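Structures follow.
There are two complexes below, and they share chain A, which is joined by chain B in the first and by chain C in the second.
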Partner chain A sequence: MSANLQRGYNALKEVLDAPIASYFSSCVHCGLCAEACMFYTESGNPKYTPIHKLEPLRRVWFQEATLAGKLMRLVGLAKPVTDELLAEWSPLVYDSCSLCGRCSMVCPVGNDIAYMVRKLREGMAASGNAPEGLVGASKRTVAIGSPMGVKWPAVQAQIRHVQKDTGLTVPVDQAGVEYLVLMSSMEIMNYPEYLAALTRIFHKAGASWTLASDAFEATNSGIQIGASDIAREIVMRIVNAAERLQVGTVVSPECGHAFTAIRWEGPNLAGRTFGFKVKHILEVLDELRRSGRLRTKGNKSIPMTYHDPCQIARRGGVVDQPRTLLQMVASDVKEMDEHGAMNWCCGGGGGVSANERAEPLKLKAFARKKAQIEQTGVKTLVTACANCRITLEEGLEHYGMNITVLGLTELIAESLDDETTSADGGAA
Partner chain B sequence: MNATAMDLLIWARGTGFSLALAIALFGLTLRVFEILSLGRKHDFAPAREDSPGSGLRTVFSRSLPLPGMAQKSPITYFGGYVFHVGLLLVIVFFVPHIEAIRAVIGLSWPGLPTAVIDMVSVATLLALVAVLFDRRRNKVKRMLSGFGDYFAWGITFLPMVTGYLAFHHLVLDYTLMLAIHILSVELLLIALPFTKLTHVVTLFLARWYNGDWFGRRGIAS
Partner chain C sequence: MNTVETLGEILRRRGVSRRGFMKYCATTASLMALPPAMAETIAARLEKASRPSVIWLSFQECTGCTESMTRSHTPTLEGLILETVSLDYHHTLQAASGEGAEQAREQAMTANAGKYLLVVDGSIPMGDPGYSTIAGMSNVDMLLDAAKNAAAVIAVGSCAAFGGIPKAAPNPTGAVAVSSLVKDKPVINVPGCPPIPVVITGVLAHFLTFGGLPELDHLGRPRVFYGESIHDRCYRRPFYDRGLFAETFDDEGARKGWCLFKLGCKGPVTYNACATTKWNQGTSFPIQSGHGCIGCSEPDFWDLGGFYQALSMPTQKLGKVAGAAIAGGTIAGIAMAAHNRSMKASAKQSHERVSTDELEKGE
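Right, the complex of A and B next:
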């Protein structure tokens, strides 16, 4: 067994737990998970059947955690885990899975397949079978601080722009505030309107907030690639900053995987609960709305639809808030046929969009989202994830569709009621 | 011939059945132990307090297809329902089976009329044939399937078909057919813990873990 393979095998042994064992024990090969996966439905290739993507992990489970498997391995009858197997499976595990978890909703025996793909990636990364694009992103995050290589001066430049445009101050490294705001590289580089929108919303709401110069990046390529040590290091930057600044709530940006990374995986990577709350920006906005601190006026009458980012809705439980918020500012919202917890993924999550090798397959899988958008007949698509947004824009461009994509936070900021200020906040 | 068939039947009903039952119970206990002994790490992420989902909810809700799914794979769903419900009815509500169960655990309940059981049996057999046909025809299922899948199908089909033939006194002498029927049930019991048929027990664990995971995050899965 090569050293790489040994590392990968050990990592896979390490991730085995009771849920995984119950899942593999229960699979009846009914194939229904394939029908839930756009990488299968749009390509028609059975190798993209979700449960099939787990074969290396299944083999490790069988020969390490079942009596029958142990006996079969003893007499050389168990199917081996080899370097070739892991190399062959790398595109299935990384390119054809966005960890969207739709398959986990339909499996009749209840298998959480996305949970297992996430675990399998630990073994793939440890054995050197992660795709180059993700390896690069992880290295940049550790060395520079962000997967796209964005450094603090780039954020500072954006802060200057925002301050000039809004006439407001963007607080940095302020202790004792209500909210510590995180961003994703994608927002810093491609969607500067996000920071401007937040600055205006928090000002109107009279909320105290800050950015942290040593923890501004919320995305976590350690999780996408499946390297818990790297993931832990990235999470701890945020935890340390939040605890140093003694903030009440850390606000995950409009990025689904960032939310999963800090809200759900973060405490487990740190091995403890945090001394602060973690909320997605949509949860924060909805709370501000409910307490009367967020008020909008006017109603856009152009028809719109909302794309649920998987990690925010299905894997994160934020389903109603975006709808309530969108209703505040838009009068003609059409839902896609399958939405909320059963939305179809844009195809770019889980590291797929950072993985150049996956590009053609990602665009093919986008045909599902394309069909969903076309069915609504609208020309304006609202979402709340910078990574979904770039994937949607690329997909729409690829298919020559003339659709505008908007971020929900900036849409809210555009409709802020300028006549009221934070001073008279409180009354709904 | 008849004496041999009777001996076989007596062995199958007595020693054979006890043995098979013991192996099934031991094996299933082992499988559940194998799963639970792996444990699950404590989740430090605070769960949502107002979640509509839970492990228990998913244990039940996964028995129903989500909207739109049944149309995508009708044979899997409808064939699956018919043969699962059919097997359950025939095993639990056929009067001679109730008698056999009473002999083991001392409990009994009213059975279904023979004509109903007969109809259900035919439907179950047809559904089993349909899902096997679909396993060969559907490219996803064909790719996923190996020896274990066809073996599991075979040992599920065998008790159904032999029971049907025995009841109708078809093909073989009744005594011999009944002996074969009981032996095929014993084969099923013995294989239960060591094939994918283990799902009859482990799916409750799987659904619970799934529902619990989603439930903590605020989603009813």
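Right, the complex of A and C next:
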């Protein structure tokens, strides 16, 4: 066994737990998960059946944790886990899975397949079988601070622009505030509107907030590549900053997996509960709306539809908030046939968009989303995840579709009621 | 006996009208799931068929199968069809006895070698030949001797087909089914305790019409009669689907004719034609008269738990066995869990921290 394989095999033994054992024992091989996965439906290739993507993990479970498997391994009948097997499965585990979790929703015996793919990636990453694109992103996040290589000075430059455009102050490293705002590199590089929108919304709401110069990046390549050691290091940057600044709530940006990383995986990686709350920006906006601190005026009459980011809706439970918020500013919202918890993924989540090798497959899988958008007949697509947004834009471009993609937060900011100011007064 | 006269001639001589005959053929065709047009073919073939020789052997049995056929159907066409085969040996029905009876059997076997039908009811004791003998000959010897030159063997009744009640635990005589002894001939199982008469004559009619044997299921039963479960064709099925069950034999549900599943009806696992053809000239069948099916056409029906125990209940008294199984399972489970925990703990112990350097394959 090579050192790489040794490390990967050990990692797979480490991730085996009661859910995985019960999932593999319960699988009835019905194949329903295939129909739930756009990598299968759009390619028609049965190797993209979600449960099949787990074969290496299944083998480790079978021969390490079941009586029959242990006996078969003793007499050499168990199918071995080899370097070749892991290399062969790398495209299945990384390129053809966006961890969207749609397969987990349809499984008749309740197997959380996405959960298992995430666990299998631990072994793939440890054995050096992660795709180059994700390895690069992880290296940049650890060494530089962000997967796209964005450093604090780039954020500072953006802050200066925002301050100039809005005439408002963007607070940095302020202790004791209500919200610590995180961003994704994508928002810093491609969608600067997000920070401007947030600055204006928080100002209107009279909310105190801050950016942290040592923890501005919310994305977590460690989660995507499946290396908990790296994921923990990245999460702890945020945890340490939030606890040092003693903020009440950490606000996850318009990014899907960043929410999963800090909200769901974070405490498990840290091994303790946090001294602060974690909320997605849509949850925060909806709370401000309910308490009357977020008011809008006017109503856009152009038809729109909302794309649910998987990690926010299906895996994160934030389904109603974006709809309530969108109703505030748009009068003609058409839902896609399957939306909310059963929405179809854009195809770029779970590290797929950072993985150049997966590009052709990702565009093929996008045909599913394309059909959904076409069915609504609208020309404006709203979403709440910068990664979904870039994937959608690429897909629409590839298929020559003339459709505008907007972030929900900036759409809200555009319709802020300028006449009334919050009773609490200005920013902190 | 005269074997030249055809079935058609015999039926006419006995005063069976053409209309009555056609009606029988149509019923047989529909019963055997053949297209309606086949009724004419059946009629034409039956008209011309000459009486095949039939040798009927009875071993460990209660004569219920013979009773079922002769008594309840004597005046019907099925009865006539049976009479019109040349029943050359049937030790319950024949007048001859002793040497003469055995001679008739041997004569028929020689004269019709390779062409006669061998019908067997009753199971064969393998424990000691003395448990059942005929004219000093053990059942097994007689069966193998008669089967040697038979065209086909029809095992009538659950005893001949599956061993039946003689084979019920603890099977004191070592009873076995016909099919476990006759291996080189087609054996058609027509199980039931007793089987439905029209099913027996239907198989005979099929043999006369098509000269071959009907399609059989995995238990050697003609699919046409045993293809569907009692449950699937039961008129009480809608109550089952709606979850309406009789809980006792005298409750409101029983009076309203609800499903008898909870009272032990074996309909869901029993394949037979009772619910379609019914008994006593189509009068009724057990479920219609208020009692659950006991599953008599299935192998080992006598040992599959109580007749009044719902199918969802365990078929045996669990008591000690269950206790031991639970204890054993628990111990094995704890041992497995401990072993797996230590496996995981040691995996954690030998965890090598994954830094970004390890993400790329070395070497």
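Assume the second predicted complex is superposed on the first by the 423 of 428 C-alpha atoms of A that agree within 3 Å, B and C clash if a C-alpha of one lies under 4 Å from a C-alpha of the other, contacts with A are read in each partner's own complex, and residues count from 1 in each chain.
Please note the rule applied: contacts are C-beta pairs under 8 Å (C-beta built on N, C-alpha and C of every residue); 3 or more make two chains touch, one makes a residue touch a chain.
Worth saying up front: this structure is predicted, and the values here are computed from it rather than measured.
Annotation for the three-chain superposition on chain A: chain B and chain C clash. In the overlay built on the shared chain, the residue A:Gly149 is in contact with neither chain B nor chain C. Using the contact criterion defined above for the overlaid structures, shared-chain residue A:Gly248 touches neither chain B nor chain C, since it reaches no partner.
Of the two partner chains placed by the overlay, only chain C lies in contact with A:Ile230; chain B stays clear of it. Look at A:Lys47: by the touch rule set out above, it reaches chain B but stays clear of chain C. Once the two complexes are overlaid on the shared chain, A:Ser25 sits against chain B while remaining clear of chain C. In the superposition on chain A, contact of A:Gly206 is made with neither chain B nor chain C.
In the superposed pair of complexes, A:Lys13 makes contact with chain C only, with no contact to chain B.
By the touch criterion defined above, A:Pro303 lies against neither chain B nor chain C after alignment on the C-alpha atoms of chain A.
Across the two superposed structures, the residue set of chain A contacted by chain B and also by chain C is 16-17, 65, 67. Taken in their complex, chain A has these residues touching chain C: 2-4, 7, 10-11, 13-14, 16-17, 64-65, 67, 125-130, 135, 138-139, 142-143, 225, 227-230.
Those residues of chain C lying in contact with chain A across their complex are 332, 336, 340, 343-344, 347-348, 350-356, 358-363. Listing the residues of chain A that touch chain B in their complex gives 16-23, 25-32, 34-36, 40, 46-47, 49, 51-52, 65-68, 104-112, 115, 263-268, 270-273, 313-319, 337-338, 341-342. Chain B meets chain A in the complex at residues 30-31, 34-41, 43-46, 48, 51, 58-59, 62-63, 65-66, 68-69, 72-73, 76, 80, 138-145, 149, 194, 196, 198-199, 202-203, 205-211, 213-214, 217-221.
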